[in-house]
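Below are two complexes that have chain A in common, paired first with chain B and then with chain C.
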Partner chain A sequence: MKKNKFLHAADSVITHSTLIVVSLIFLFPCLWLILASFSKSGSIYTYEGFFPSEYSLDTFKTLFTDTAMYNYPQWFMNTLQIAVFSSLIGTFLVILTAYTMSRFQFKSRKKIMKGTLILGMFPSFMGMIAVYIIMTQFGLINNLWGVILIYSSSAPMGYLTQKGFFDTVPYSIDEAAKIDGATNFQIFQKIHLPLSQPMIVYTALTSFTFPWSDFILPKLLLKEKNLYTVAVGLMSLGETEFSRFAAGAVFIAVPIVILYFILIRYMISGMTAGAVKG
Partner chain B sequence: MNMFSQKIEKLIFFKKNAGKNVKASICVMGLGQLMYGQIGKGMLYLTILACGVLYLISRGFTDFVGFFTLGTKEKDAWFGIEGDNSVVMLLMGILFIAAIILFISCYLSNVRDAYETQVVVEKGGKPRTFSEDVRKLLDDKFYKVTLSLPIIGVFVFSILPIVFMIAVAFTNYGGNIVPPKLVDWVGFNNFIQIATLSQFAPTFGKILNWNLLWAVSSTFLNYFAGLGLALLLNKKCVRGTIIWRAFPILAYAVPGFITLLGFRFMFSYGGPVNQMIIDMGYKAIGFLDIDAKWMARLIGLSVNAWITVPSIMLLTTGILTNLDMDQLEAARIDGAKRWKQFTKIVLPFVLFSTTPVLIGQFIGNFNNFGIFFFLRGGLYMDGYFLASDTDLLINWLFNLSINNNYYNIGAAISLVIFLITSLISLLVYVKSPSYKEEDVFR
Partner chain C sequence: MKRFLCLVLVALLSFGQLTGCTSTDTLDEKDTSAEESALKSIYNGELERSVTLRVLENDTAIQQGYFNQLIDAFNEKYKEYGIVAVDANMDERSNLADDGPYGYGPDVLYQANDSIMKYVKGKHIYPIPAESLEYFSQIPDNAWDAYKSEVDGKSYYMGVPVNVQTSMLFYRKDMLPNDWETNWDDNKNKVPDMVENWNALYKYSKSIVESGTGKYGYMRSLFDVYFSSGFLFSYGGYIFGDHNTNPKEVGLSAGNAEVGANVLLKLASVMNEECIDDSITVNGYSKIADGTYFATMTTPDVYTLFIKELALEYEKQGKSKEEAKALAEENLVVAGLPMLPASGDLTEENPELIPQKAMGGINGYAISAYTKAPNASLAFVEFATSYEMIMKRQELLGSIPARSDAAKAVGGVSEIVFNNLNEGNIVVMPSVTEMVQVWSPTETFFADLAKDAFRTSDKKYTSTEKIKSGLKVVDQQILDAIHTLSN
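Let's turn to the complex of A and B:
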């Protein structure tokens, strides 16, 4: 009996020390970036070991005031505009597609499902050159709305997670509503929309964060420096501007991190729903 | 074969029974509907017909020819000749084919509609009015309304570009041959070049090997590290699970490019890791330097794990809550050791639920563009054609087609990537237990 107790204690110690190590691995780079953003000097070369030697708020001040070379406020507003509108339109389209694919039996349904699976196998930016040519034809190069258009209209491709969620809603609810004389639109509006709130939150969050941190599309379509998004802008910073990079990174990462922590419940349920049904 | 003969039978039956109004609809779109007194719908179909014919006359036909010739007149500023833009012609040709398919399906729906009305009338009913039709579309055919917008978007920005690039893989578009020069169809030439030409073939082989190794090892590492972490947090003796879980979530929430750029700074010459090495009295190490082959690869592997493990952990945590605890308890009483419990009960259960995710992870890692683009982007090495030894196929594709204009080779490589990933995922998927479950494709 005594031996058993000892084993339990040892097990607990090992488990917790592993957890401490793992947590440090995850925490350390984040902490490093945050502290670097408060460093007094800009270059990475002046640090003592991992951490800056002196701290101040200057970097954040220059980030927003010294805009001649690196117009961070402008980048930030561009990113915000792209992400907000892509998220709104994209969520709308994805929810609509997923709902339709889950609730309606029609002839081309399976074909569409298989088709999207196959389309998803193509390398993501295989068509980038074609997109570029199409956008030139539309005259939407160097235009934030062009980027928004692409993000939101390719969003429905990722409808499977949401479809998995709608699949779990019992079909009998629909039938009951139909017997009561509801049209399909009413069923969607009055029953499924309120029910799928967690899924909508999940979709909105993921379709917000993707444009928020994507860099290929903006780099390809937005050539003017004033139209840069934060991701493209931060990429253009060198080692001597390390603090500025850290400050800019922290400033856009913090809202996302807070959002994730608030909505983590939705994230997990969304991910699991998508995983089980695939 | 059976389906085919069924279709023929249906067609014969249809031919026998089609009334004069249906035949009118076959001749001129919308005419049958007009004869039934369905003015609104008939006019709508007539308008579609008129638009189709107008498009065909005004540019459709030249677009179609252009798809095959890809331009015949080269631009000549000296003589003031405008010249053909082969690339735009290719795109317009594809659009024409799409338009024709759309038009034909409209025509078929017109015939089907007229026939439906005929059946209704023969049974003594009345043809539907326009407002009834609209109501039917909004309710019974609700899916057509909701899907139309997404389908248009996906067509223009996902399907059209992919079809375009597939077409480009069979042309000589790229290198010196870009508009205003004329592009031509070259058949399978690009694929033969990749496989045989000394310029491409060795690079392709080396990168493909590394890419497969990378995809397998990173998927394996991420999956089991994530599962392990979830199991660790699931242990009964762990206190404060929520707090422990917060750290991986923190890593998960930071945008990927920030993490990657941050790690690049961390391992750079002036970065903190090297400074500590210097402080200890050693020479700085170029972790991501041009000769740091395996070092850079290992760093890439671990940075990728840092980014992906949290999401796998969250996912498997959710799945583990559905695990039947009684079963584990029973196994324990029967004397099964922990390892046995894991391999015989937990692992099969988790694997079963996450096969699609595993496939997705594999494809995502196979095509993981960001990792080496950010950590070691833009390096070109000896022995590699416009690539470095950490580059994956997708990075090479980017270097070739977006940075260096080798569009045709890039497109051909995309097709090869597509073939590999789809074959592997198909194989895994067909063998997986979740495929045999009927419900998956519900």
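Let's turn to the complex of A and C:
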């Protein structure tokens, strides 16, 4: 009995120690970046050891007021515009694609599914040169809507998770609705949409976070400084602007965190509660 | 009949081959006219009307307000033609080769010579009728050469030099010994010897280190090729043959380059082990500010960072913000590089001195080959490189003009650096792509050399012959890298 207690305590100590060490390893870079954003001197070259020698709020003030060269508020609004619209349009298209693939049987359905599965295995940046050339032909370089168009149109390629979700909703619900005279659109709108709230929230969140932090596509398509997104803008900062970089990187996490806390409750709410009443 | 036809064909082919044979004189004549007609076909002298010129300037010029003044003045002068210059609003390091062909590049761009000359191969920039510019002779050949390109045996200038970028000595005036005017100014020119020649700087650094206060005199990360290669150049070393244009020849070990490397080794002995890696580059700002280091070598573009750090230090000591800034600007002095001893012996008393060479760059304007208004673009370049605008640029940005009249008018450090450029003491960074293979092997050598100053029993570079062998290995490594990796 005593031996068991000892083993249990040892297991607990080892597990917790390992978890603490691992969490510290992950926490440390974030903590360092947050501290760097409060550095008084502004340059990474002036650190004594690993951390800034003096702290102040000046960098955050500068980030939003000194916009002559580095217009962070503008970059922030551009990023927000791209992320919000990409998320809205992308979610709409993904849900429609997933629902169609899950609920309807049509010719070449399997072939399309296999095709999208294979195409999805290629990294998106593979087609960047082609995307660039196409966008030049459409005159969509230096246009935020060009970036939104690419994000939104490529979103349905990742419909498989959502299709898997729709597959779990019993077909008997659809059949019951059809017997009651509901059209396909009504079934989708009145039954599946409310049921798939957690999946819509998940899709919206992932469709938002990718454009929010992506670098490659905006760097490729947005050449003018006033159209930069935060990721591209931060990369363009001079080497003496490290604390501004850190402050910008810390601040960009704020909307994601807020969004996460607002939407998380929808994601974990009951999925099919009250769907089929006996 | 068949035979006749064969003979006719042979005769025709032979005649065709012979058309390629002509005297060189005729060729030269043809080329001269070809050069002129090439320039005339681009610039017909008639300004395009109602055009907008997108100009890519460097960030500092925009930040300090110079660029706005420049375009305002230009737009005012050319308003009757409807020509308007605007900020291209792009990253200062934008690659014209990426954006230009699709119509998103600037019309006029201001970049460093090595960046601009990369566009030549892909014909992304237009040549400039440099010789017809009224100030052509005001800019030294060394600066023009940075923008020279040979096509079919003829020379074209692909940009107009504006500023010189090179290494400078940064030191703390308030850390000079109190008796410097009597004991450290042998030539009585009111300039401390330790910022005039390396022998005195070495002596002063040694005395600071030996005082045991934990302070140092001259400090610099020695592995950094940009700053250390000048010591090799000063004694006959060079990067590539034919004035840095021929990568088939690498000459870091040429001449008495080993003597320059030996000077670096000696300087390392009055530093600490931080000179082996980039520690001093990283902590130089704070260490100069808190008085741990007396001097360092760096480029003028980081001047504000030193001032900011020094001002913070004075604020800590109780000075107000304004007082601290004024004091920092007074005590941080930027000077030209000290002279080197011809013998390479830093301990020699009253040595014969030679100027130190340093790696540098020439920033300038170029015209995009994708511009729809080449004449208006040329007018902008002429306007931006006029005496008045260059003087204004110097006044606002503290840059060192490439024009002799402007450099003379400004005087001080600008004139010293200009003279160094004019006399060939600034070795302009080669504009050839093979340059990328130079950095790593040379950095490794300099780091090893610096390390040798701190080795006790197993020193590697005990004689100049051994240093020479080390440099020859570096030359070979660079050549191997160029021929295996670049081709």
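Here is the rule we go by: the second predicted complex is superposed on the first by the 255 of 278 C-alpha atoms of A that agree within 3 Å, B and C clash if a C-alpha of one lies under 4 Å from a C-alpha of the other, contacts with A are read in each partner's own complex, and residues count from 1 in each chain.
We adopt the following convention: a residue touches a chain if its C-beta (ideal position, glycine included) is under 8 Å from a C-beta of that chain, and two chains touch if they have at least 3 such contacts.
Values in this document were obtained by computation on a predicted structure and should not be read as measured data.
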Message: Residues of chain A touched by chain B versus by chain C: which partner has the larger set?
response: B
Task: Examine A:15 and indicate which partner it touches, taking first as chain B and second as chain C; both and neither are also allowed.
output: first
- prompt: Does chain B (first) or chain C (second) touch A:141, or do both, or does neither?
  reply: second
- request: Determine, under the contact definition given at the top, whether A:96 touches first (chain B), second (chain C), both, or neither.
  value: first
Message: Between chain B and chain C, whom does A:226 touch in the aligned arrangement: first, second, both, or neither?
response: second
Message: Just to be sure I read the superposition right, which of the two partners does A:215 touch: chain B = first, chain C = second, or both, or neither?
response: first
- request: Could you give the residue numbers on chain A that contact chain B in one complex and chain C in the other?
  value: 43-45, 48, 133
Query: Can you list the chain A residues touching chain B in their complex?
result: 8, 11-12, 15-16, 18-19, 22-23, 25-27, 29-30, 32-33, 43-45, 47-51, 93, 96-97, 99-100, 104, 106, 110, 112-113, 116, 118-131, 133-134, 137, 149-150, 152-154, 156-157, 167, 183-185, 188, 209, 212-213, 215-216, 220, 231, 234-235, 239, 242, 245-246, 249, 252-253, 256-257, 259-261, 264, 267-269, 271-272, 275-278
- line: The answer for chain A against chain C in the complex is residues 40-46, 48, 53-54, 68-69, 132-133, 136, 141-142, 223-226, 236, 238, 240
Task: Enumerate the contact residues on chain C facing chain A in the complex.
output: 59, 62-63, 89-91, 94, 99, 102-104, 281-286, 302, 304-305, 308-309, 312
Query: In their complex, what parts of chain B are in touch with chain A?
result: 87-88, 91, 138-140, 142-143, 146-147, 149-150, 152-154, 156-162, 164-165, 168, 229, 232-233, 235, 237-239, 244, 246-259, 261-263, 265-266, 268, 270-272, 275-276, 279, 306, 310-311, 314-315, 317-319, 353-357, 363, 367, 369, 374, 394, 397-398, 401-402, 407, 410-411, 414, 417-418, 421-422, 425, 434, 439-442
